[in-house]
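Naming follows writing order (A, B, C and D), and every chain is counted from residue 1.
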Amino acid sequence: MTFFLAILDGLIVLLLAPLTVGFVRLAKARFQNRRGAPVYLPYLTLLSLMRKEMTVTKHSSWVFAAAPFFVLASAIALAFIVPTAAAGVLPDFASNLFLVGGIAAFGSVFLAMGGMDAASTFGNMGASREMTLAAFVEPAFYMGFSALALVGGTWSLDGILRHLASLPWSAGVPAASIALVALVFVTLAENARYPVDNPATHLELTMVHEAMLLEYSGPSLALLEYASAVKLTVMLGLVASLSLPFFLIQPPVTALGLVLGVLALIAKLALAAFVLAFIESTFVKMRFYRMQEYFSLAFIVALAGLLLALISMTR
Amino acid sequence: MAPSVFGLLFVAALVLPLLGSAAALLARRAGWGNALSQYLFMLSGVLGLAALAGYFTALHAASSVVLLSSPVLAFSVTPLSAFFLLIVYLGTFITSLYALGYLPLYADAYSVPLTNAVSGVFLFALAAVLLSTTVFTFLLSWELMSLSAYFLVIADRSPESLSAGFLYLVMTHIGFACLSAGFLLLSGGHAFISFDGVREVARQLNPAALAAAFALLFIGFGSKAGLVPLHQWLPYAHPQAPSHSSALLSGTMLKVALYGFLLALTLFPGIPASWAFTVAAVGLISAFFGALSAAVEHDAKRLLAWSSVENMGLIFSGVGIALVLHGLSMPLSGALAAAFALFVAFHVLNHFAFKTGLFLATGAMVAKTHTRDLDLYGGLAGKWPAFSGVFLVLVIAAAALPPSGTFFGEWLYLQSLAAALRFSSPLLVASAAAALGLAALVGGLALFAFVKFFSAAFLGRARSEHAEAAEPMPVLLLVPPLLCAAFSVLLGLFGLPVLSAATAGFGSLVPVTTVVPGASMSAWFVFALLAFASAFAFIAYRVFARNRTVRRTETWDCGTPLTPRMEYTATGFSAPMRFFFRGLVMAQKEILAEAVVPGNPWIANRRIEWSIASVWEAWLYRRIARGIVSVAAFVKRLQNGVIQLYLLFVLLALIIVVLVAL
Amino acid sequence: MTPTVLSASLLGAMLVASLLMESRMRLTSLVTLFRVQSAFLGFYALLLAYAEGAIHLAVIALLILALKAFVIPEFLLRVARASGASERLEAYVRPTTLSFAGLLVVGLAFAATNLLLPDGHYFAAAVSLSLVMLGFLLLVSRKDMFGQGIGFLGMENGIFIFGLALTGGMPLLVELSALFDLLILFILVAALVRRAQHEHSSVGTDLLRTLTD
Amino acid sequence: MTILALILLSILSGVLPFFARRFETVTALALLGSSGVAALSAVVGMPALLGASALSGGGLWYVDPFGGLLVLLIGFMQWTATMASVPYLGEEVRKGITSLARTKRYFALLALFVLSMLVTVVSNNLGFMWVALEATTLTTTLLVAFYDRKGSVEAAWKYLILCSTGISLGLIGLLMTYYAASSVMAGGATLDWTTLAASAHAFPASIMRIAFAFILIGFGTKAGLVPMHAWLPDAHSSAPSPVSGLLSGVLLNAALFAVLRYKALADLSAGGSGWTNGLLLGFGVLTVAVPAAFIIFQADYKRLLAYSSVEHMGLITFSTGLGVAGPLIAVIHIIGHALTKSMLFIGAGNILHRYESTKFANVGAVMRVLPYTGAFFLAGILLLLAAPLSPLFVSEYFIVSAAVATHPLYTLIILFALSVIFAGFLHLFAPLLFTAPSRGAEALAEKTGERWNISHTAMLLHIVLLLAFGAFLLTGAAYPLLEHVAASIT
């Protein structure tokens, strides 16, 4: 029974991914006093991209063609092993936090290789910067999640979520609050949002993630766009459900509980998208060569989270 | 197999390399000389593996097989040495298979018979170090190993390899001096003493002597394993050797240094926490410097050498932390110490697999493109699709990405460190947190280095005629790296379960490895997950993508026609790293502008000169060298040619000795 | 003049001779003083031989008189004149300082003797030790090869007295071969002096400073 | 009786070449003579080495196992030195550097030198030993000044004056020992070592200590101990190479042999070897450390080999002072160093003739230009730097094993000095062997290649003997025999 719930949790995320991106774009538009496109527009763009013809540069090799599949595979794997709507459905070895870190790195590596194979300076610069960011995000990523693990008592995200859900809100979440802030830093860096990277531009000096997608077109571009959408949804969903561990789908589930869970997830994703849009509209993008300040800040916040977790645990 | 039979097998495997080198010398005129010696080496590898198989299954690796026990020389197989012998014989087999196709390509650069003869002695010495059970035999075979490695490094007699060989042999000799002093300090004056004897003698030694002996042994083995600050020879020496030998140097010799250190640890009655902390700290610092230098390096083989420094640093820090935890008596410390020991064993195997494969593959690449500078590579994936596929698997293993065995090794390491955060003593938690942060950064830097290596070499357009005119890759040079890649994937799938089963003592395969309750990992699940996700993505593509026509066009260049020189080279790729760590890699960049028309600053030919230097070499090595030189210059003034002064020396000595005699 | 007074005065004469040798800056005067010293040495040995009735000692004494008083100095002067070496000798310091240094050395030697040999024949040992030290001083202070050669021979004389004073002389065969060695040594000194004079047209040792480091 | 025959034969082999007129007959006669001497010294040395020590010639000669070993070494090495001298002088005669008369004088002096060394080692009478040691200096002075080169007179003069001064100090020491003996022994003192050793326990310890002081400084000058070593690099580098091979290889050990004779007497009189060991250890460390400074940036490879001899003498002296296990180590090191160093000098001779310069800057790519000499030279360097199969590896291992527990500071100084010397050797000899010289590289083209001559046979003999001895050490059987030899030193 829990096996189906895990598959369901993954599928929900896969379906909702373009919706979250739509939410974020809508919220940002509204912040900029624009009407913004309808929320379901990303679904349509992906489908239309799928039907377009692909133009591939002569100089690229098989790596350029294979990269989108691996990037999407890593995103899909993340969707299935990171709990968003459901809790207590995955065994310990399935959602170990270091496994999540590894698979995220797997995805960004192939994205960077795709960028490098395009033999254009834009892609190369994007790949070089992406790999630098991936290298610097790891300490903060693992320290933040370890702080959470101390609070949750186990190293599998699913177990942490289940533990937080079982505790009254005041007991669990405050202890993990600083760690969650660190995770927000990490999420922004991992998904190429402000202040690390500007997702909406094609200006070579400010784009990192977009630069690597520059050479892709047609179905490959769709796969890559969809993969980044899924990754964004997974991480936003995780942070949201960790900070608001209510209405989660627990194993002895009833039909009502299921529907409520999905709706709660949609609400949480909308809220998270709104917060993300708010951050993106207020913060300015940091210069790439000041990135070590950003990541050292993230690491220090994670350490503070660890300290708080230790104090709250021993008390 | 009865014990005596594979005692014979071990002896055969030990002696065959010497036969191979003799054959190489005797048949130096004949064309098939190289082939004959390589086959003999491979035979020794196969026999060794067969003997080990027999040893592991039949005796359940509990007791040791004595091969020779004369009062001076004594060889026998012990459980600890059997594990490392596995690596030596695997390495022998694969590198000799590779040398079959590789050495004929370099018939003019290396004198093939001599190189084979020396590598035969080297292979013998590697196995002999592992098999020796008395201090004298150990030091004898150790010195033989170091010396034969020197002759492999200077195989092509070029000035760079001579200076690299010089630095290597001087550091090795200092290490050997420390080793002999350390071992003999422990054996208390007995010249011919077995390691068991040393254990008894060490028990009665006073703590100061034990501390001095440990320091000496750590310096000796650390310098050989390439730990900071005695690592500077490794990035110079390994690349200069022929590729199949540098694969052996990096893949196997560093492990023998680790074996020596582990053997030395068993000799001490007890390891205080302060020693273990220093080992862990030095290990982590070496890992950081190794990874950082690999990230900014643009010479292919030197990058791999730096990555060896990083991995050996990680392994030694694993040993250090295991020792610290072993000393504690807290609830989880026992399980965590076992986890780190498992990490050391597993990472040794993983590093052997991917490093040997990478060195062999890079050797093939350098053989075909005649340059080692990554900035001149590019577009090789198009020319050698199969080869680049194998290389990608090896790079994934080197960068510790999920499906590879190294990822599960890194997981063991980081997971156990995170689990150590729960201990109560603040010092332990602080150092565990620092170690976790640094280890994660090291993982990131290694990731950066190997992505840079793969993409600069294989992707994009050829940046020079070296890469443009790369000849097709012969199969013989492709098979050994393929074997290594396969072995690394196998390690990923079965490595952790088999090893934890072996160490845990029961026979059945353990699908899920658990470090502490709540922290477990199953290799098969990860493979299944990635396979399922890739299938899912492919099916999504097949279902949704109606129009699958592909049009090959020029890369989008917004107007200005793109040339290969506009691509990011490996140096360009690592520019952010050089900027962020400019203090540590001592990066200097100068843009020199000479005005075309004197007096007119605007029109000028600009030239950029940039350089990175090793912090250690600048601060530590040159300082010591300058100190020795100044002392030598001072002492040299004694021999100034004036006979009257010499007579005064004699008189002075006489007076002093007579005064002593009164 | 009982034998002991006679031997004491002979030893005193030898001491004075070698003290004077320290400050001689001309070759001929240095050689003559060396002859005088060796002659006294020969008589002292004869006296001892007569006193103890040791025939082998007498033979040795006569040989010393023959060799050290006549043959060697004569041969040295002929070589010096044949090779055209300059008559003037040089030293690192002025002659007066040399003689004061000689005095200091003799004082030290006398003081050191009772440290080295608390119960032996004190005066003879002291004189022999000072002769050795004076020879050494000559070796160290003189710049030219002649000075060093003569200094070395003076030291040999000192050691010979040391042997006589302590043990009444070594067995004949050993003494003979020792003297034979001394003769060969002197021939070599002469040969090297001639070669040096031939090559550098000077016997100064400051030209012999090329082999450094 | 056989010793008398040995002495007569060596005098004969010295005189023989004078009767020949052509160069070939001179060398043939010299070779014949030296082979005879080698055979006879084997007859004298071997029984003493294996069996008990033999007193013969009416108490004049005394050959104990250690003496026997040195006789054997002298016999073998003068044989290979003469073999190497034949092509060495042949080349010089062909180039007109040396006249036929000089070659005759060369072989005569060489034979006399060998004779004096043999007498030093076998004489029971300490007076005779002193005379023989002085004779070694005298016979080799003209050999050091053999060539008319710039530094040879200077080297010979320094060699003569310094060594003779040293040996005179040794004479004072001998006289004091004689004095100490006569004050105690009833039947009148003799200079025979065996009788002295029998009653040495009664000698007054204070006088014997001062006597040993004089002996150590006196004969130490001859053995090249620092600070009395200044003559050694000059003399050994300006002498003809085969002779400097003998000088470095075995003459230094003969001088140390003399010192050890007196050490035995001093130890017996003092009732314990603590005091003398302390002195030997101190001088040993000094003699290993100081040459390191000269070896690092040495410009002349013959001087480098000479400094290396000083360093190895330091190691031998240090090991003799290491108490019980000491003499065993000294024996191994003496054999190892003697054979290796003389071979290297023979190789250096060949290199000198082909490149006509002893400077590192003008010499290079020897492995390509002189294939045989290069290969043997490389093997020699490795054996000298204590490569695994070399006897020096075993002896240096034993030194560290015996000394690290009791004298940690000394061991660290020695290990550091050895590392510096190792680095210096490698830094200088690797380019010499492998890369073309900076100056005169193009002139090498037509000089490449060499034919196998008798000097290569000599070098090969040395290497085979060394490797055999190294392998013999690896089996357990070597150590009882070596203990037997070492026991006779203390």
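Please note the rule applied: contacts are C-beta pairs under 8 Å (C-beta built on N, C-alpha and C of every residue); 3 or more make two chains touch, one makes a residue touch a chain.
Just so you know, these numbers come straight off a predicted model, no measurement behind them.
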Result of counting contacting C-beta pairs for B-D and C-D, higher pair: B-D
Chain centroid nearest the full-protein CA centroid: B
Chain C and chain D, separation of their C-alpha mean positions in angstrom: 31
Whole-Å separation of chain centres (CA-atom averages), chain B against chain D: 44
Centre-of-Cα separation between chain D and chain A, whole angstrom: 79
Chain B and chain C: spacing of chain centres that average the CA atoms, whole Å: 70
Chain D, residues touching no fewer than two other chains: 154, 157-158, 161, 165, 210, 233, 294
Junction residues of chain C - those touching two or more other chains: 116, 136, 139, 148, 205, 208-211, 213
Chain A residues counted as touching two or more neighbouring chains: none
Chain contact graph, described as a line, ring, star, complete graph or other shape: other
Chain A residues touching chain B - in the complex, by the definition given at the top: 47, 50-64, 68-70, 72-74, 76-77, 80-81, 92-94, 96, 98-99, 102-103, 105-106, 109, 112-113, 116-121, 124-125, 127-129, 131-132, 134-139, 141-143, 146, 149-150, 153-156, 159, 214-215, 218-219, 222-223, 288-289, 291-292, 299, 303, 306, 310, 313-314
Interfacial residue positions of chain C with respect to chain B in the complex: 92, 115-116, 136, 139-141, 148, 205-206, 208-213
Chain D-facing residues of chain C, complex: 116-117, 120, 132, 136, 139, 145, 148, 152, 155-156, 159, 162-163, 166-167, 170-171, 173-174, 177-178, 181, 184-185, 188-189, 191-192, 195-196, 199-200, 205, 208-211, 213
Residue numbers on chain B that touch chain D, as the complex places them: 70-73, 136, 139-141, 143-144, 147, 154, 157, 159, 162, 165-166, 169-170, 173-174, 177-178, 180-181, 184-185, 187-191, 209, 212, 628-629, 631-632, 634-636, 638-639, 641, 643, 645-647, 649-650, 652-654, 657-658, 660-662
Residues on chain D engaged by chain B in the complex (per definition of touch): 154, 157-158, 161-162, 165-166, 169, 206, 209-210, 212-214, 216-217, 220-221, 227-228, 230-231, 233, 279, 290, 292-294, 296-297, 325, 382, 386-388, 393, 397-398, 400-402, 404-406, 408, 411-412, 415-416, 418-420, 422-423, 426-427, 430-431, 434-435, 473-476
